[in-house]
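Structures follow.
You will see chain A twice below: alongside chain B first, and alongside chain C after that.
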Partner chain A sequence: MLQAIPVIVGIVTITFFLTDAIPGDPVQIMLGPSPSAEQAAAIRAKYGLDQPLWIRYINYLGDVSPVWIAPAASFPFFTPEFGVDLGRSLYYQVPVTQKIAERLPVTLLLMVSSFAFALVIAIPLGIISAQRRNEPTDHVSRVVALIGVSTPSFWIGLMLIMIFAFHLDVLPATSLVLPWADPASVDAATSRIDVLVVAGEHLLLPMVSLGTLQMAAITRIERSAMLEQLSEEYVQLARAYGVRERTILSKHAFRPAQLPVITIVGLQLTTAIGGAVLTETVFSINGMGRLIITAINNQDYPLVMGTTLVFGVVFVVGVILTDISYAYIDPRVSYGGDR
Partner chain B sequence: MARETTNQLSSRQPLLEVRNLKTQFFTAEGDVRAVDGISFDVYPGEIVGLVGESGAGKSVAVRSIMRLIEEPGSIVGGEIRFKGDLLVGFEEHATQPTKREAVLSDEVMRRRIRGREIAIIFQDPMESLNPVYSVGSQLEEIIALNRDVDEPTAREIAVEMLGEVGIPEPDQRFSEYPHQFSGGMRQRVLIAMALACEPSLIIADEPTTALDVTVQAQILRLVTDIQQRYDTSFIWVTHDMGVIAEICDRVNVMYLGEIVEQATVDDLFHDTKHPYTESLLGALPRPDTTVDELTPIEGVMPEAIDPPPGCRFHPRCPDAREVCANRRPDIREDPDRQGPPHWTACFKNDAFDVGYWESEPLDGKRTSRGFDAGGGERR
Partner chain C sequence: MAHDSATDDGLTEDSVGTGTEPDVRGVESRVGAWNTLSQIRGDPTALAGLAIISVVTLVALIASVDYYLLDYWLAETFWVHPARDPQEVEILLPPVGLENDFGQGTWEHPLGTDHRGRDIAARLFYGTRIAMLVGFVSTVIGLVGGTLVGSVSGYYGGWVDDVLMRAVETLYAIPFLVLVIAFMAAFGRNLTYAMIGVGIASIPTFARLLRSRVVSVREEEYVAAARAAGVRTRWIILRHVVPNSFAPVLVQATLQIGLAILIVAGLSFLGFGAQPPTPSWGQMLNQSRDSMLPNPWFSIWPGLAILFTVVGFNLLGDGLRDALDPHIEEE
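== the complex of A and B ==
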């Protein structure tokens, strides 16, 4: 797990230099097309933009890392620095961390629920497909999966909005409500139950829209992994010793079959991050995805870097979770250590 | 010891009767007649060998007994009886393979026969244990299922069995995973699994082929020892004549889906009748060499998808004559023979009257095994 640190430093570094390479001048955006030279210089000095790139990079690393050693004027000439400081957003004029704290739960809710939706449907569907290979059920699931894999999530989102929000008018088409939100802050809600219902209604369409691709991909992997397991010699052996077919499916073949599934879920995380940006745009959800787009459009350097960094951390955490579940299932992989 | 009782076997009821069993695979390239009408018996307490080159159909034959044949294969004919139950049964003269009424249902087969009455040990110990469950839990599950005991008792039996098959510190090793066991140790675990179910018949499908020679010798000793203590019957599949000599009572020699010779071990080695058996034995300079490593048997076995006409061995048989290329010998008992039965599927057997001895040798070049020197000298 310690290997996550260099990965995150790498993400910070790449983000920093890429952000710097975005064409355009943030000062110009802040001050309008023709600022006076003094004004511009003052702004540059205020945000540290007058310093050389590498100094800004070192400073940024120091601000971002939870623990850092900063130079000091007096003995012993350095002081420890604690806490994460992502700077102030140029556009919103609030600390970047505050903005992210506001938006991150929304995106996490969307991503986690869409993965849950995908797994809950894909795992049974894949198993049934494998068990009834080349029967009608299998063909149907194959076609559904193919459509799911090849349909862009934003298009699914637009269709869902058209059908369920505009034509049928049964579900809301915009924004999310957090299930743990204060009932007082939610329209027409008096109790926790109300909030949960409203949250569920809001979540349904974006979750399906983002989760369909994952669902389709996982179904295919689950099917092929189960098929592979069902022809394994140890599954044959279980059969030869009179183990029930149901037990073979739910235990002997199931557990080892989840290894490739976990790998795919881990990989799908990247697609899901991209998908979340699109889904938030389509459903006008104020999450991290829309935040990063606003940040880029306004050349908000600190905000771009902050959001990218957080996405990077989300990804790394996802990979670590993948590794842990892999090691949990497969005794041949040990927790950390000899990798 | 079982071997001494062989002569009286015919008066006892066989445990397992296989009659004219046929199993085929329907592949895109054509129908593979992997097992093409074999018959043999297993009596209580004996070790019956099934020997032949790889691809002869040995695994398909033993898996057919347990009805483990899967797509694209299926059993298409014959009859298998075990302790009076019909495991496989087809109508003899039907045009389509038709199952008979009395055949055990899949559910009864699973509950009453598999594991409980017939246990199997597969060839590859590295592939036969589930990598994500501990060795002990796998044993425990199978024992609880086939012995009607609760889990703590199953666990006790499992640990005891692991000790029995020579695994040191069975208590600790119980909770370890397959990857922590060597090939030989895993095969011991699989033997323990088979024994722990206390079946009447254990089918061992080349259980030592994947192991090195010393481990193989240890396992053979273990099995003969156990066999004498528990009086379990075995079908021992191998392609190694040395193994046959060491442990078997009676032997079936298989070639391309057929049994070509069936005799007691003594008769098979000292009164060899079939030219194929002869070449298997001729190919045996050391007891630990396997058939596949030696090639005094000219050529390779043809594919079961397109077997040669006439006697299936004739393209490789040093004694082949013209009649062998045209007519197919079934397996027959030697008519004027005293002692235990000895069956062969070869026109040299006196039970056939097809004019073998008058027929022309098939291939003039092949004089090494001597018909130019007088093909009749053997009789």
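== the complex of A and C ==
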């Protein structure tokens, strides 16, 4: 877990310097094309933009890290600082953390549900495919998986909108409703049940759109991992003892076959985050993905850095979770040991 | 690991000190390439992929030769020139044989027209060029960068390995699309930076893959022999370690081209790819969003074009994987 720290510091560094290289003057964006010199200077001083680059970098690192020792002029020459401060959004004029707290749940809901969708479909599909190798069922599932990994997720989204929202008119095409939202804030909802139904309706299309790629990738891995396990000697031994094929699949081969699946789920996380940016755009969902695009378009430096950092942290947390589930499935892997 | 006598020849011909290195690799790599080719010859998956890629490449090449060739070849009415002044009226004709509010589809525009009355088929045609260019160039950037980092990191080990791998992990932890978008926002919104951005963002995949192979290859006897013979480290990496670790990287590169095409389509969809009026598939999909109701075909065709192309690379990648090494782990 300690290995995550240099990675996160690296993310902060890359985003800081990349964001700094974005052309254009943030002060102009805030004050219009021709601000007076005093106004501009005041804004620069307020946001620390008058400082040299490396000072701003060190300051930003200090703001971002939960614990930091800031140099001070008098004894004991440093003051400890606690808490995470991502700065203020230049465009929205609110703290970046507030904006992210608003948007992150939406994106997490979308991502978690799409992974759930992917796993629920992919695991049975992969197992059936492996079990009936080279039979028609296997061929169909392989073709589905191949098309799934080759289709742009946003195009699937467009097609789903076209079919289910425009032509059949059964599902909404835009925005997302959080299942824990206040019933009063949701249209035509009086109880928690109503909210859940509305949330489900809104979630369905984006979830399928984002989850299809994951589903296809996991199906392919599940199939090959299962095939590998089924060719192992212990399975043949079990067969020789007359253990039923169902039992072999569910009791013997299933567990070890999930290890490569977990690996791929971890690796798919970055793809899913990128996919979330596109899915949110297609479905006009106000999540982290659209936030970062607007932030880049508005040259909202603190917001760009904040969102990228949070994406990186989401990924790192995902990888740690993957490691933990590795240890859970395979007792030989002890968590905290070698990578 | 199969290894022929070519290396041994190189070792007897000790040329350290003369400054010229022994040319020992030619035979081996040719044999390797030939083996691969003959192995995929019997594999329907790889062949299907190769066929699709050939068709798409041919289309891309024809579209690249010159705009004029197409103009003369297909007569002006058939393809509305993609660079011509767009018509201001909305004419969203359906494909040939179908009918919508704007009229009947005709052979003049076999796949219909877009929101500016431009021929969709012609724009798809030109879009091929961009997709293939982006796919190949960005993958080559990722491949070269990743090979460099991965081989150095794997061969030297120690702190070099630690530093490089932490850097690679950091790059990997920033979501691909976000990294490329931030990169393009910083340096410029055009196709060149899209290619460089996607290339840099794909370095971690190649570096990690190659490193994992190099770590085992560097322990092979022929590497130890070369080292004992005093062959320069750079030369050992370049001529012995990398070629013998390259099979999974080649498979990954094939798949990566498909992935790059998908990602650049996504970038163009968000407005970060090729800028109008240059047609690209992702941009066409973005433009079609407001016209999906009157003419759904405007959104259907570019998606199918992407799907077709990427399926080609995935099929070839799968076929190559089976041919080169059945036990390569899937990443």
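We adopt the following convention: the second predicted complex is superposed on the first by the 335 of 339 C-alpha atoms of A that agree within 3 Å, B and C clash if a C-alpha of one lies under 4 Å from a C-alpha of the other, contacts with A are read in each partner's own complex, and residues count from 1 in each chain.
Everything below uses one rule, namely that a contact is a pair of C-beta atoms (placed from the backbone, for glycine too) under 8 Å apart; a residue touches a chain by one contact, two chains touch by 3 or more.
Keep in mind that what you see is a predicted model, and the values were worked out from it rather than measured.
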{"item": "Chain C versus chain B on the shared chain A, clash or fit after superposition", "value": "fit"}
{"item": "Touched partner set for A:63, first chain B, second chain C, both or neither", "value": "neither"}
{"item": "First, second, both or neither for A:234, with chain B first and chain C second", "value": "first"}
{"item": "Touching partner for A:292 - first (chain B), second (chain C), both, neither", "value": "second"}
{"item": "Touching partner for A:151 - first (chain B), second (chain C), both, neither", "value": "second"}
{"item": "Partner chain in contact with A:256 - chain B first, chain C second, else both or neither", "value": "first"}
{"item": "Superposed model, chain A: greater residue contact from chain B or chain C", "value": "C"}
{"item": "First, second, both or neither for A:270, with chain B first and chain C second", "value": "second"}
{"item": "Chain B versus chain C as contact partner of A:242, first or second or both or neither", "value": "first"}
{"item": "Centroid geometry (CA): angle chain B/chain A/chain C, rounded to a multiple of 10 degrees", "value": "70"}
{"item": "Closest approach of chain C to chain B (Cα atoms, Å)", "value": "12"}
{"item": "Doubly contacted residues of chain A, that is, touched by chain B and again by chain C", "value": "none"}
{"item": "Contacting residues of chain B [partner chain A, same complex]", "value": "66, 68, 70, 110-111, 113-116, 119-120, 122, 124, 127-134, 141-142, 145-146, 177, 179, 190, 193, 197"}
{"item": "Chain B partner contacts - residues on chain A that touch it in the complex", "value": "231-244, 252, 255-256, 329-332"}
{"item": "Residues of chain C touching chain A in the complex", "value": "166-167, 169-179, 181-183, 185-187, 258, 262-263, 265-266, 269-270, 282, 285, 288-289, 292-293, 296, 299-300, 302-303, 306-307, 310-311, 314-315, 329-331"}
{"item": "Touching residues on chain A, where the partner in the complex is chain C", "value": "3, 6-8, 10-11, 14-15, 18-19, 21-23, 146-147, 149-155, 158-159, 161-162, 166, 220-221, 224, 260, 264, 267, 270-271, 273-275, 277-278, 281-282, 292-293, 296, 304, 307-308, 311-312, 315-316, 319"}
